[in-house]
Every structure is written in C-alpha cells, then in structure tokens.
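Down below are the structures I want you to see.
Two complexes follow with chain A in common, the first pairing it with chain B and the second with chain C.
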Partner chain A sequence: MSREFIPEDRAKQQTHYTTCYMCACRCGVKVTVDNGHVRFIEGNRSHPVNHGVICAKGSAGIMKQYSPAKLSKPLRRRSGSERGAGDFVEIEWDEALDLLTARLAKIRATNPTQLAFFTGRDQMQALSGLWAQQFGTPNWAAHGGFCSVNMAVAGLYTIGYSFWEFGAPDWDYAKYFMLWGVAEDHASNPIKIGLDKLKRSGAKFVSINPVRTGYSAIADEWIPIRPGTDGLLALALVHVLLKRGLVDWEFLIRYTNAPWLVVQTPGMPGDGLFARDGDGNPLVWDQDAQRLVNGTLAGIAPALYATRDLPDGRRAKTVFALATERYLDDRYAPETLAAECGVPAQTITRIALEMAHVAFNETVELLIPWTDMLGRTHHSVIGRPVAMHAMRGVSAHSNGFQTCRAIHLLQMLLGALDGPGNFRARTPFPRRIPMRTLPENDPALIFAPNTALKRMPNGYPARPEDLVIDADGRPLRIDKAYSWETPLSAHGLMHMVITNAVNRDPYPIDTLLLFMANMAWNSSMNTAEVRQMLARKDEQGDYAIPFLVVVDAFDSEIVKYADLVLPDTTYLERYDAISLLDRPISEPDAAADSIRHPVIALDRDVRPWQDVLVELASRLRLPAFSRADGSRKFKDYRDFIVNYEKLPGVGFLAGWRGKDGDKPLRGEPNPKQWERYIDNKGFFAYQWPEHMRYYRYANKDYLEFAEKHALRCRSSALPGRGCTPAGSRRIRGTASVSSHTSTRCRSGIHRSSPARPIAPGIR
Partner chain B sequence: MTPDGSGKPLCGVITVKLGLVIDLDTCVGCHACAVACKEWNDGSPVSGPLSDYQPFGAEPSGVWFNRVRHYEVGDYPASKTINFPMSCMHCADADCVTVCPTGASYKREDGIVLVDQDKCMGCNLCAWACPYGARELDRSSGTMKKCTLCVDRINDERLPEEERQPACVLACPTHARFFGDFDDPDSQVSRLTAERGGFGLLPELGFAPVNRYLPPREPKPLTGLEDARSLLERGLASLASPLIRR
Partner chain C sequence: MMMYHSWDSQNAWLRQILSRNFLYMNRATAGASGLADDDWVWVESHHGRIRCQLKTMEGCEPHTVWTWNAVGRQRGTSGLAEDASEATAGFLLNHLISELLPASGARRFTNSDPVTGQAAWFDLRVRVRKCAPDETGIQPTFSAAKRRPDDDGSRPDVLHWTRGE
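Let's turn to the complex of A and B:
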C-alpha cells in the first residue's frame, strides 16, 4: 500500500455485529476478528443505543477477552482446604453438574428457601428470575439494591417510568437540561451523544454535582452541592415554583392525581388515603357542579385547592393543597435551604425561574395530532422543553428515594414528562402506577417442596398485604426485601444476603449461588468483613453458609471462597438475549432489543451460564423447562429463547416473530429468529409512529397498542398477575385506574399511598 | 489522495495538510479516543504494537499515542475542568524530524509525521525535541512510537468510506474530534476552525502545529430574558383553583 508498511490482510478478517458487555449500556459493537483473534472492537453505526461511537471500556473489551484471569475449568474446593485459600481441584462438567443437581434437588424437595440465587450486573434477569421462580425460592435478585433501587422505585411509583434504563432525556428538543448526581456513566455513550447535541443546539446544561468531573466539566452551569442534599434543592425549586404559581395547571388536572381528595383523620384508620366513591373511583370537587364527583370523568372542572367534608363526615383535602401547604412552608424556602445545600438562595431562585421560563415561554409545538386517554384528539404535541436525568449519585444515598421523588414532582409541576424536550419513557414503560406485578408472598407456596412460585420473587408492593412477610410480620426473604424494614425494595437487596445468611436472620440457608457477583461491590463495599463472613464457621465447625457456588468468567476475590466454581464464557463467546422482558434497550422513539452471538470460538472448558441454567432446570424438571412426562423442553439456551413463550406470542426476543419472521413484537416462535437478528446487525427496533411518541401515560393509541402486544407487562413481570391476554382489558382514562383502584385492601377499605403527594394518575 | 496511498500529491498544485480538530467544548475527558487509538494501532503494521508493560498487573502502563490531560482552571466555585486530549500535532515545522540522526523520523507530503520503525534506533532525540510530549519510546521494541493519524485507515479503500477516519475520531462519543485537510478551506476542519476560533497549541514555539483546538463555547444566554425577569417579579400566587376542565 505504501512504502512504510505492509498493510493488514483484510481478506483474512471477518467482522461481526454483536452487543457490548463492558458496562450496562449495551451498545452495539462491530468486532473485527483476525485469524480467530479479536483485532478491534468499534461501535455499530446503525445501532439505536450508540450510533457508532464507543467508549473506552468498549474498545478495551479485547483486554478482557485476553485476560489471564479467565477461568478455564470447573473447580471444586479441595477437601480439607479452607475457604479463601483458593486451593481447588479441577473437575469435569459432568461431575460439577451432578454434584450441583443433587444438592439443589434435595433443597427443592425439602425447603426451597434454602437456596439463595443472586446475580450481579446480570443482563439476563428475565431468565435467572424465571429460573428462581420455577425452582420455588423467593431468594433471588440482581445487584440493584445498592445501586439503583432508590431511583427506580421512586420513578416507577411516581410517574410509571424511571431514570436510567426506563427513560431518557429528549436530547433533540430539550432547551434546559438538569443532570443530578451523574458523573460519567448510566448511561455512558447515550448521555455523551446527547450532551453534544445540547451543546450544538445551544440548550442550557446545568449539572448538580459535588465534583466537576466527567459530564459536569462541560456543563454551562455547575452547581456544586453538598453531598446528599439534592432532594432539598429540588424541594426549594418546588417552593419557588409554587410560590409564584409557575406550574402547568392543565397537566396537573388532566394527568395527575393533584386534585384528588385525601382523607384527613389524623391518628385514625384511613388517614392519608384517597377518598373514593362506592365503585372505588377517586373523588374530586367539581367546580362546575359544586359537588364531589368521580375524578376520572371527562369534562369536569376539578378544584386543585379544596377542603371538603365527605358524605360520611370525614374531612378531605386535595393532594395539591397538601403539597402546597407543605412545600410553601419556610422550611423549603431557598433562604432556609441555601446553607444546608451549599447553594446560594439567589442561585436556587434563578434556576427555578429559568426552568419555568423555558417550560412556559419557550414551548415546543410539534404538529402531530394525537388522542388522549379520554378519546379527545389534539392537533399538536406541546413540549415544555425542560429535561432531567439522575442516577447513582442521588440513588445511592440513603435519602435517594425521596430525592428522586422530589425531582419527579418538579417535572410534574412543570408539565415536563414524556413530551418533546422532556425526560421521556422507553418501552415497556411507562407502566401502571404502581406496577401490578407483586412479589410472591404466600408462605404456603414459598415453603412448599417441589413447587414453583406463582408470582415472581421481585415485584412492586402497594399495600401492607403485599409485603413478603409471615403472619408475625417477619421477613420471608433472606435479603428481607419487601419486609417492614424495606417495603419498596423493587430490585431486592443483594448487598444484605451474605450478612443475613451468616447471622441466620431471618433463617439459615444451605446454598448461596452467585452469578458474576464479586462481593467486593455487591456488599455495600464491605469487602474485608464479607470475606470473614464467608469463612465463618459455627460451633460444629461447619461454614455458616454451608455451600457457596460461584459462576463467573473471571477469577475474583469471591471465587477463592467458593466450594464449587462454574466457569462462564465471555460476552464474545456466547448467545445472549437483551430482552424487553428484562432491562430493555428501547429508545424513546423505538421499542428495541438485541442479542449477542459467539464471534470467536471457545478455547477452554467453560460453558455459557445460560446453557447451564437451562440444563439445571431440565435436570431438576422445573415446570417451565419440562414436558408433562418430565423430559426436557429445550435443548439449550438458544432453543429456549426461540421457543419459550411467556404469553401466547410473547417471548424473550420481540423481533421477527411469527414462523416467517413477519410479526414484530408479538407472534408465534420463529425458528430462524437468531439468524434474523444476526443479519440485522444484532438488534431489533420497532419505531413508534409519531402519534404514539409522546405523553404515553395518556396516549390512547400507544396504550391500546401496548396492551395488544402485551408490552406494558413486560420487564420483570414474568408470570404474575401483571399480564392478561391481549384485548381482555379495556383501556380506561388516565386517572381512571389510579395507582390504587385496582388494589382494595382485604379489609375492604380503599387505600392509597400517603407518601405520595402528586403522581400522574396513570394506569 | 494518491492511488498508492503514499500521500504524494498527484500534481504540484494540490497541497494537503491533514490533521485533527478537537472540540474542548464537548470533550468530557472520557479517554474513549485514547483507548480506541491504542487498540487500533496496537494491531496496526504502521507502528504497532503499542507495548503494554504488565497490562494485567498491579501497575499497568504502556505506550499511548494519545493521552487525555485534565486541568482545573479558575477558583472554586467558578472553576472549570478542562479535558485536553493530546496526540501528535503533525507540525509543519517539526524539529522531531530534523533532529533525527537516522532519518527514521520523517514528514510526508500530506503532512503526516511518521517514524520508520525499521530505521529508528531509539535514541530519544526526537522525543526531547517535541514540545508536546507526543512521542513515546516503546521499551519493548526499543523504537519511537507516535500518532500515525491512522494512516492505515484513512487511505484504505478496502474499508467502507465512512470508516476511512482515524480510530479516535470514530470512537469519540461526544463527537469532539474531527479529521480532515486544513489546506482545503471548505473542509469541515477548516470551517470549524474558522467559525469557532480554533487555535494551535503553543504557536510561539514555532513548530507550526497543524491540529486545532476549539475553545469552549460561551453559554448562549437564555432567550427572552425579559420574560424571565417578569417571572422574577411575579408576586405570590393566589391559592384559588384555576377553572380547567379535564
């Protein structure tokens, strides 16, 4: 090619499109393989997540592939050696699987809670969760407890979607962007691509962060905040907006429960619950009729500020009146909070006014007709172009839940949700509020031998009756998720598992099965003590956690403590489905999922954990994986992905369904589905038509379509009561099924969540 | 570009000056460019490998063509973090070339400065001459390594056209990096440099660096500030319910 060098022989090289796994963003990558060796990893230009770019970790995937820390053979702790010594005997897969199957079969036949199965940054939670449910243990979750649960629960219970994977800022139309507590990740490439767009369009980028690194470096305004006080700052902004009446009244009245009446009987049962009519509909004060009416009706003029006596004599006040009373208090005045937040009062006031200015004076109007949930057609889509994003810097504080709720409250006051320029939802979100997937909590099922759970281990409790506790109020799960201590722990509390198991609190377990979960970061960073706990023995000289199985592609601190090590493949060596039933890769304008497939051959005696899970499930004859005669239903993971149906026509992959591959989103299995994904560079994207892109909590066409294709019950809502066959439930108006109408207390008293002042009343 | 890829202009009239533009307004200091550069060039026959010393050990280090520096300017809280990626500037007047005793270090007619790995004896003179710290001696090969402007990508017609770009440019997630010909006034790099006041680093040293940095943009003031001011002057809201129908 030139005088300086002999060019590479490109004819010898192949390129493959697959999905990155160097972090949780799941960018599309193009991998160049030269003579069986990974030569280069770059971004996939047509991929909806990263549009061709790649981050530092992504290109460094080569270093991971060729890391000497890769495990290469199943290992058993040498008898007589101590945990932590790392003294292993190499064993064959048959022996490893026989050993594990025997142990698991015994647990399942006696007390399935004796198995705790926890996974790290698992991108196949839909499968591992299904496996745990079928096994019959409630003791399953992925790593989210310490990382993101605050953020996710706040979002899902408040607006029906949440920051990070379940929504994304509208980088194209936002004119004002506030980034709370995000340094350089969650999401990585999508945020970087987006910040560049904002910079080009001249939008204002405000970063709230104690340190000015990463994204904050290029913020137009950096607000150095005292760590952990973001919630106070958000509420000070709320104070300023309320004080000046700078709120989107129409949004609050139409799309939230702000006008709903809340029972005020301090100290008495029912205090703080929504007032409802005999049919369970929320009551509002209609200013036209001058009487209490069903708040879900069209055409009424609900009062936002009202205190009224209910027919039974109890007093009730609107949500909005309660919120206004609380946040107009001087406690939330910028002058009061300035010192606590470390942000000058003038700055707080100015930011609030800037947001309001952009929201109300710089409105974006797109001439896209759409129909709301009450069937009214609007000739355009109006955006109040203020967008927000928050993640771990907020979420990992003990007050992160309340902080995220405050940020969502701010967005609701501005009417800035899922419109042009806002923080927008990604399919299968927004969901009903609260989601109708409840965690399994029936002790009779949980302790039943050889019985699958009816619901998934994880879910979204909405009432005391939904908690996972026994008759005496004690936790039924080893991590104590959904107990009185942590009632809303939607992702489980993995970081508590080892501590609780060693303390036998609430009960001892037999086997702890960990998948890609080095406890160095799945234990509240308490690494030294975690090692001591894993090595702890009881009076009889037995380990407090009798059997520890570690599944990982790489050696790590936790591997040394394992009794059995099952070596996994790397992400370049296996099949994977990044499913809409799981943590989706959808973008606001498209529902999307993707795959991985082997781009290089295996060179050691390791097996993809997915295949091992399907194998174990078949050996244990877990119902979803077995035929009536007990024989295996699926040959391997690849076969499972193609043929497993959660509901008729709904499987792990949404693309090219139907036997000819012509049915997107829903259709019978397609035997050539993997091939279609590989041909399409590893992903599937279903673009939303314009009229289904905005206000999806109240967008009739979107809601009906999503219902028909069972989209709104995907993601962590595997078998459970969250799903009904398509078309069996009619779509009702925004607030018609509020957070609570569907969940009457067993006592028959209607209830609500007293902790939530305002939430879009969406179902 | 020439059919043989040597960078020689087809005739004397056309001149080419290839280099990079780096936008300091959007660079978030993420090192994606540096790692993509390392991975591409490690396997490249031009100057690869970029040796790593203990890549999986306790103190990994190695050869990089591109390093991202981070500076804090101004005083807290009015301080700003500047991320500053630096690779070879492909200087028009490059002392690194003139000091080289073996002729290994040379400048091509398209402006790219390269080191002939077969001629280099690792004497380090060029690295001392370069004021930008752009050259690194590879302790494994004993030769000098530096940014090649991805000469084996930009001229490789076997790659799809949109991929005939340096690896760092394609990787950059904030699109802060641009590659092109500064002698062509209509090229993207020339236009960006003109529009945004792109500057070369340390021009006073006389090396005539080709790469340009775009300074951070002045934040655009919010439009309609009068309206914002009227919001400020707005008094306490009345607590009467607006009459709005659902």
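Let's turn to the complex of A and C:
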C-alpha cells in the first residue's frame, strides 16, 4: 500500500527533554510532540548517561504511550466475583482513595505490619521507602531481592561501591575488559558507547557467559562457562595471581585491610574477628617497630603476612595470610576447577596472566596530584587498566554473593579499583564499609500503632544485633529479610511475600500493595501455584491475603487478581525525580541526577502513583508529610520534591538548591527547581575536579567534600562499632579482603615502598 | 533484552522483534540427543514440567539451556489479542522453579542466596526430552482472562504511525 508523503511542519512541533523509562538505564531523551501526540523520541546529546545514543526500546517508547494495555480508570473487583477472574467495575478516584485510606488507617491504628508494600520496576524507592517507614511497616522492599541484590550487597560490604549503577568501567582508559555473565541491563547504552570506545582503542573484551548473546557477540574472547561457576573461575584466577606474586602489594597495604590481624581461636567466641586495641582500632604488625600498632595510622610498616600472639595470648593472623593460605590451595588450581567451570586450565591461566600484564605492565599514570585519607600526598594517579562489569547473570544464583566477592577480591589483588582504566565509583558511592544504614528492628516500634519507624525498613546489618528478628530469633518481616535465613537481605525478598503470607509464616497480613510488579506471572517463581495462592481462601471463606491492591499503568496478569487497581500514568505524562537519595545517574566523573516531567497531557482518568502516595500519606497524617496540626505539608509530588528535606539542605534533587538556585548538592529548597532542571534538558551534573576523581574510598578531599554535602554519612553520626570506630582515628573506605580458614602462616615480608609500582613475587 | 523492563506495555514495535520465545540449546548437544530446531520438548525439573518448542544455536555452553524472560503471556492480558503468539507459543520457565527448596527436616528454606536472599533463578537443573509426535502446543496453559471494562477488544492488524495520530 502506498501512502502519500506529506512533509512535516516542524514549526508546529515541540521538543521536550526528559528521561527514558523503557529500561533501568535512564537515558536522557528528546521527545518531539506534534499536535499533542508523541511524534518521535531521540537521544539527548548533552545527557551524561547516553550522550545522545538511543536504543530500539527507547525510541519505541511511543508505542508504550499508545499501548492498548494502558489502564484508564480505577477498578474494583465486582462484589461476589472471584479474585483472579478479572471481573471489575470502574470506580471514581474518590471512592478508590476513600476505600484504601480507611483500610490503611485501620491497619496503622492496630498493627502496621499488616500492610506489605512491595514494588517492582520502581525508580522512586526513596519515596516509597520513606512512605513505608512513616506508615510504620517493616514490610517494604523493591524488587532487588529477585533481581541482583547479590551484586549490591557483595560490593557494598567489600569495596563500598558495587556493580549495578554504583560503579562503572572506565571506558576511556581500560585496556582489558571482563564482562561476567548477563549484564546488559542497568547500564545499556553506556555499555554500548563504552564497548565502541574499547574497540577503537584496541582494548581486549573478554565475555564470560554460558550464552553468547547481547554484547558477547562482539567480544574478542568468549568463555562459555558452566552456569553458577563464575566464583570458582574468579578464585582460580586469584590462585594464579597469588602463586606468581602478580599482586599490587602497595594497594593492598595502603587501601585494604589485608594487613589487619584476625583472631584465630577456632570454636571459641571471637574467632575470625579483627584483633583490636582498647579503642577499637584494628591491629597490624609493624615491621619497623616490631610491635602491634593501630593499623589506621600513617607512617607505619604493616606486615602483609604475619602470625602474632596478642597481649591476651590469643593468636592472630593477617587477613592476607589467611586469604593466601586458602586460595593457594590446590582446590583453587586451574587444573582442579577446569572441569567444574567448563573452561580449560590453560585458558584460566592465560586470562590471569593477561590481566596481570595489563595491570602491571600497561599501567596508566595520570599526573594528577591528590591526597589520601591519611594525608599522604601523591604526585600522580596510578591506574591498573583492567575493568570489569557483572550483573544479573552471576547474581541470580544461590552462590552469587560469594561469586561477586570473589570478583572484587580479584580487583583488589590487581589494585584495579576506582583508578584510571578500571572499575570506578559513582556518587554517592563509595560508602562506608559496612554502610551505616541499619534496618529498623525494634519490635516495640514495629508493632506500635500509629507510629513511624525510626530507621528505614531496609539497611545493612553489621552485627547479629542488627537482624530484624524477635527475642526468640523469629523473623519480624513478612519476607523474613534480615533473619538468620538470609541475614544480609538488603533488598528484601519480594519473591517470598505471597507464599509466606498465605502460609502465615511468620504471620498473616491484611493488605498487599504491589506497584509495577507482575507477581502473578513472570516475577514469581512457581507461577501456577502462586496464582492459586493469590486466590486461596481459608476455612471461613476469606482470602488468605484479604486485600490486594495493584498499582500499574498497564494491564497484566497480576492486575486480574487485584481487589483494587490504581492506574498510574506513563513516564511521559508525569514528574519523577531520579535522586541521589536513591539510585542516581551519577557517572564516575560527575555526581548527577535527573527528572521526568509531563511532555504530553493526560487523556484518561489515571494519576501518577507518586501523587497518590503523597495524597495517602497526607490523609493518613504520616508525620513527614503532615504539619503539627495534622494538615498536609505537601500539595502533591512536585511540591514534595521541592520542599522535603531529609537533612537540612538535602532533598530529593541536588541541582540548583538554595532559594536562588545557586547552591549545588546542598542548600535550602528552591521553589524554581523543577524549572531549572527542565531548562537544563532534564538533568543536573556536578563535575568532580580532577583530584577528586580517583581512589575515592581513600581520597581525602573527596571524602571531606562528600561528608559536607551529605553524600556520605559523617563520622560523628556513626554508632561506635564495626570496623570504623568513631573518633579521629577512624579509617575510611577501606576495602576488605576476607578469609576465614587457616592452616599455616608466613612471616611478614612486605612493606610500604611507594616507588615500586609492581611488587615482587611471594618469597 | 528487547523486552527487559518494558514487558508491561506489550510494545507494538518491540513485539515485531520477538513475539514468542523458544528454548535455546547448543546445536551439538541437541544433535547428540536427537533434537532439532522446532521440536516440541518437555522440560522437567524437580518441581514440574513444561512443554515448549526448541531452537538450537552454536553460541551456547553445551550443558546450558535458556530462554527470554516474560515473552510468554496469559491469554487475554496486557492488551494483546487472544490469539497473540505470546499467549499461544510463548512460555515461562518460572513454572519449573520453586520459591522453596525441597524440604530439609521440618522446614523449607527459600530458594535464594543464603546470605542476601537473592532469588536463585539460574540454579535450576532440568531434563529436556523430545515430545511424542502427537504432543504439541505449550504446557501449562491458562484460561483466557476477562477483558477490562474499558477494552472493547479491537486490535488493528496493521498499525500506521504518522504525525498527530
């Protein structure tokens, strides 16, 4: 069929800059609107994430906007109809909100744990988490538990930043790039741009993946590994590096806890914990002074290998001695692991030697003076240009946490962390290790009627006392997160909520509120049975999960099971803040956040979920959303974003703060903040000066700046515990090499000598 | 990844890239097992079995099978026509994966990383068998969902996209 060509009247079209929401990557887009309709979507050339690059999905956002799956009106399950039959009546928003407010108010006034609020492809977790905390339920999380939480937790507990969007390969200087498993997700266009750079610069791209799809198609070497064995491969690489002494000794001594002494009292309390002095500082063996000293001081010569008796008679060994003993064992030899991994031993050895060659013989040195956290000045920045990226593929296994730690261990041995050419951090990371955000675990608060939680529902436990369990050790959360079953479940376990609620294990709930998550289909394991559970009734004929609320812009399998459906807008119809309090769009060289704003008008009776959350919070008089007299503090989401302050001067958007918009990162609210973002094509970026761009876990100027601007918690805010005691002798941002077992030891042989870029082998 | 984080809208343009999935298997492994492209196969795990169609490929580790997430849909959902290939030929592996591990003592633990609670989707082991000649069509299937009150069910066969439409 031929159609007549009619040239477009560009004068009648408008362009708007906003942020894509077709995947988790959050590229900047330029949307052309013609007669109130989306005409086309392009990349935003000035955007820090994608620099104008757009993918097939991003440009197909048009067909999201005009999808026949769009919901158009609040729906209530027809009374008398069975849940799951999808028999709905349309209702007005007033009725929907009255209904929900009454139910939630009753829950909050009796037992707030009866509300479970879980979100899927949510890009507003800072708001939904705050809402749950203010409501007073611990039963909140986003979908990280069934996505890639292993990468986040392993990274944050090991190096203070992580794969996901909390770090990125340095595409400009990398000479060797290893992509572990399927990892095309959170950084999609940036990886494409990066791979293009690598191809142009002649870097080598190695893909370790059972399936050669996606970016692996253009890898220089594809290693078809057997699923779930990436951790073994990483440790075999560690074995080769240790055996040949191809290790960045300076890096380990200066920036990791490799020289710290670990108590060795098998079977007794304290075994495996760091040896500390009376003030809580970690102890190391000083080779010059020949005595135990506080390992956080400058001007000492810590031994990497040492076994020493502590003053109280307990024996202690350095972290590195323990790690070396474990990973030099034949269990980790390439020959041993080749069959398990499906990778020939020669290949494993060759890859290890290639990485070491690039790290130590093709070192990048940038003449940028900087100062480390102990005040030592350096005339240049040294980069080991071996970059790595990993995500869902290695994450979604029951050994994914350990796999990811093994990859970070490999990076530490190579000294390939936040330097030119390797794996760089993105603000607000690196954070302290462990992070200072603890999950709420006080049963008195958790079960208290009409009371907000003091801490957020989610956080990062550091001690058994931080687990979210009762006095008898039973889980306090419906997903059993932070219980002994999964102690570091920092993103919750959304995939367990329905099963646990129906089994009343640990307790039944009243209302399940789901946002953007298809739990009756692809987001649940055991889908057919989970669908039966959603419709299951007890002996009295009541649903095992009494009330199910689904919030989404689109129809889906889970929508059919809802008792109440609240229709959301599309990403082109609403305001959004992609916040530094949440999962921002920062790049290694710039702290950055971004917005969405309506580029087309609404044509149906739907409301942005953010506005509905603010509305519900106001109706329920949640403290952060209400004035002392109970009246609402915020008109809507747009108003909330401008005026809510988490700390003085710290809000959801970091750009153009201060009443005149002249204070980046921290300053009082600016009533014109949205306009400034829109004028700047939808984003804010704060470029780091050169001396704050690298080694940020140990970069004095960066760390001080980050604390001042609340990008990192202040030392004074610390509970005095964990590996970072409060006070002036704290050590900041130390990456942690770990090990637990021990069989034999070596005496200390290495010491700091700044002039030596490549260390000798183990003697 | 053409549908990654975009499953919700059943995007008309992305559906043209892929509107149904297959089980993908190494070609040599398939050949050695008497399997070929477009064969119907049973995929069995400790938890259940599904029936789906096979495609072979070279770029796959010999002991691995895989498919795309969430291409298969329940009939009558997501604004799709009832005979959409997502519902008639697309499938989920989710039916094979249990959220609980097989019983150990009195308790069943979550099928997750024991440290972080990460869902262990990719730990699944399956057996793939060729179906009998009369065994075709995906399994399991679900009855068609009822249309929403605001959905008249009309779906264009051809979609033109020009300005202002």
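We adopt the following convention: the second predicted complex is superposed on the first by the 698 of 763 C-alpha atoms of A that agree within 3 Å, B and C clash if a C-alpha of one lies under 4 Å from a C-alpha of the other, contacts with A are read in each partner's own complex, and residues count from 1 in each chain.
Following the convention adopted for this analysis, a residue touches a chain if its C-beta (ideal position, glycine included) is under 8 Å from a C-beta of that chain, and two chains touch if they have at least 3 such contacts.
Everything quoted here is computed from the prediction, not taken from an experiment.
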Partner chain in contact with A:P302 - chain B first, chain C second, else both or neither: first
Chain B versus chain C as contact partner of A:R121, first or second or both or neither: second
First, second, both or neither for A:L71, with chain B first and chain C second: second
Chain B versus chain C as contact partner of A:L493, first or second or both or neither: second
Partner chain(s) touched by A:I41 [first = chain B, second = chain C, both, neither]: first
Touching partner for A:G202 - first (chain B), second (chain C), both, neither: first
Touched partner set for A:Q287, first chain B, second chain C, both or neither: first
Partner chain in contact with A:L374 - chain B first, chain C second, else both or neither: first
Chain C-contacting residues of chain A that also contact chain B: 3, 6, 8, 34, 39, 56-57, 60, 62-63, 67-69, 184, 188, 212-214, 216-217, 222, 224
Complex contact set, residues of chain C against chain A: 1-2, 4-14, 17, 24, 47-48, 58-64, 66, 69-70, 72-74, 76-80, 92, 94-95, 97-100, 109-123, 140, 142, 145-151, 155, 160-165
In the complex with chain C, residue positions of chain A that touch it: 3, 6, 8, 13, 22-24, 34-37, 39, 56-57, 60, 62-64, 66-73, 75, 85-90, 121, 145-146, 148-150, 153-154, 184-185, 188, 210-214, 216-217, 222, 224-228, 342, 393, 395-402, 479-481, 485-493, 495-496, 499, 516, 518, 521-522, 524-528, 530-531, 552-557, 559-560
Complex interface listing, chain B residues touching chain A: 4-7, 25-32, 34-36, 38-40, 43-46, 55-56, 70, 72, 76-77, 79-83, 114, 116, 151-152, 155-156, 158-159, 162, 167, 170-176, 216-217, 219-220, 222-224, 227-228, 231-232, 234-246
Chain A residues touching chain B - in the complex, by the definition given at the top: 1-8, 10, 34, 39-43, 45, 50, 52-60, 62-63, 67-69, 184, 188-189, 192-193, 195-196, 199, 202, 204, 212-218, 220-222, 224, 242-246, 249-250, 253-254, 287-288, 297-306, 324, 349, 353-354, 356-358, 361-362, 374
